[in-house]
């Protein structure tokens, strides 16, 4: 049963960066429909900076906890908009909850659970408000439920749950973030932040398949 | 051999007003191509005002000379742009050259010849510069050459000459007026002012056919 | 897309370079995208800082100068600047008497400004936040709340004047809050602007339709409506603003504002009808401003902001101001 | 066509109504379309009058006020006003010391202003004419001559300041001529504006092309060229202006001007590159103005005007001005 070490987190961050860059146009198109058309650009820029911070942290032999804190900080100081502080705070809070050189499924569930709590506190959004919380919360639930499964498998379940949560945003009426300005006209569009959250969880699952021996 | 009296000039002005209004879009389209797209609007507005002034003058029993002076003044104070002062000055000058209650072909040729001279002085344009002079000058020449023909027939020849002059502007490179800004790009477009001048001469010819007994 | 830019990615930096070249009275930190007064912070004066996504020029960078902001911070187009940059602007404005953050109410702006305020406080700078939330086109309950738009100008102008005359932090905040709470706005667009990185208009608006209740980030509006004569549009806009304007017996400051690509001729047409409309309802316009101040890239559109103003606020509105985009007195 | 108007025919009048409502310091004669200072002509001061077709706002009506024009006269869109109206503006500006007509060089404007001057002289008003002909995009020999564009602002500002300080007619004319003769302009457009009565853009410009050397009446330009980065366009524009700018060893006043639908962000991008370009050539920019001042309806475009300015002209440029569209000092 593999554990998440700094090398694995680095691969995850690179995978997330690549995924966000590959889906930049799609994220921006979703944000153009119900927001201001910058989510893809914001995240591509932010994850590129976060990747650099991640490499520095990895090179310095940092443990996963402080590593995520550094990466979260890089996101905060390079994304801008709503997504920067939200994603950055999630990773910083998760990092603070991680101790030691590795984390198993249960530890990751606890850390990302803490991140989710911080996200909900900071943004005030709950499940059903058509935000990244709609993808994040089910993913954390899945991780928690998979507490004794191997990490890679648990991450796959989490990614599946995040994607399902992402798709669940389409029929919703937005109550938080920029899409809330549209009222009923936000219905029928998938939330960009939930979409990028699903990408990040899928990146975790895929990176673990390659990096974590089972 | 008919002569031009005040009633006939009034019919001419109404005919010119109608012709300009009917061709407003065409005149404006020509002016859009090589000018600023207002020649049709300018002339429709101006001739509408000139028609009112003409009715007043006719009602007051004014002779053709002072009648044309009044109409020219109305054009000057209602057209704006280049065409207003030019057309207005032509009519005012022509009016000053007309004496008595009627004018025959020769008298009209003299009057419009004086108008043409004033037009050339005021605008500085000569034949070939791609302006209304290109239609006006041949029309006056035709009137002069027809000095002993009946007025209606002479006017038809003048209108034919004006239209030929109008068409002759197409291959020219503009040297005066707004079209001159285009340099070589003015080539291939018919001059709007020459076009409206041809309309005014055709209106004269057609109004004389109906009003002047031969 | 056709714009006078070098590349979508360099638009903000290139515009700041031009601003710096044109205005030696401003200190432009091009790395941090912070614009401050070149004269520095005046010791003992309350500092005023605003900022937000770019694409709204002259807001906020064009409002830095005596009588208005001390520093402004420019984010990417339509994206709030990050906390470190807002912190830098806050430092530039801090002169011992505290700093006011004037924040347009968007999730991103709130979060980034709040984080910056936290960092500034850790450095011993007292920071107070005033939120601008004037756009009546959006709901105000259980959501992100009303958007901040044109009222930012009125808040920055009046609070800036109060700070300039030496008032303390609480007094400056009080004026800023009064102006913010007394202001409401509504905007309509004839054509959406184009975010350079996407290269296409934020929304497509068929001929003959207007987008009613648009935001300043290309957010689509409340509804699409047929294009009507300016008189009717102005009346509808005034209706929308007035429906939610505080009902005090005070005259208003009226701002008729172009969204970026609307000629002044049209803005004056709209202003004329707004003035008629308010006259019919017995509301006096004590001051007006007609022009292009709070924009949304090259959006063809117009917004109306009304602010109920007592004599104190009017006095501050009239006070001298010397900035690139607003100067009088 | 989408505009905030009631009808194409009422656009000019409705905009003047809005101007009148917004600016009680102006006396707007809506029948004659003459805008004058409400305070009336100051006895003994030389009067400054300009005007021309509408669609160039804020030029000229927005430049009426202390330190600039005494009266402006608005024609139909893109059509010079008629002599009787120019005469009315001339009367409004006449205060015993003569009146200067500042006329942009177009056949129609020249003819109508000349006729008005003639009528004014018959009434005993001394009238001098200063022609503004700054647009280097057009030939200057054997034709209608160079068009008058952005330099009108500089002429009106400097001559207005000279008149305000009590100079006599000859001295005001001398300043106006100096400013006019020292100025050159060039404009490029990304998209043509739409004359309301025609309802369609004055010319169609395919994607990826700019119209180089456009006028301010939707006149097509010298040539079509591929859209290039702002840096290259700015260099080409500066080249065009400098090729014909008087070669005196004086710094310049630089005006980077939007043609009506160009956002300020883009104007600053262009200004930054113009400033670089002039620095490379060792030409100092003593003063600058970046904004939307001399427009062509909703044309997306930019013009550059450079004016060689000696210390005397710079002093007049700096002098206080209080008009709707230009105020400082």
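Chains here go by letter, A, B, C and D, matching the order in which they are written, and residues are numbered from 1 within each.
The rule is simple: a residue touches a chain if its C-beta (ideal position, glycine included) is under 8 Å from a C-beta of that chain, and two chains touch if they have at least 3 such contacts.
The model shown is predicted, which means the values in this text are computed figures rather than measured ones.
Taken together, chain B and chain D share no touching chain. Among the remaining chains, the Cα-based centre furthest from that of chain C is the centre of B.
Rounded to whole angstrom units, the spacing between the C-alpha centres of chain B and chain C is 55. Between chain A and chain B the centroid-to-centroid distance comes to 77 Å (mean Cα coordinates, whole Å). A separation of 32 Å divides the Cα centre of chain A from that of chain C. Chain pairs that touch one another are A-C, B-D, C-D. The touching residues of chain B, counted against chain D in their complex, run 28, 32, 35-38, 41-42, 45, 76-86, 122-123, 174-178, 180-183, 185. Looking at the complex, you find that chain D touches chain B at residues 53, 75-84, 106-108, 111-112, 115, 137-139, 142-144, 147, 195, 197-198, 202-203, 215, 217-220, 222. Put simply, chain C touches chain D in their complex at residues 2-7, 11-12, 14-22, 54-55, 57-58, 62, 190-191, 193, 207-208, 210, 227, 229-231, 233, 260-273, 275-276, 288, 290, 292, 295, 297-298, 300, 302, 324-325, 327-328.
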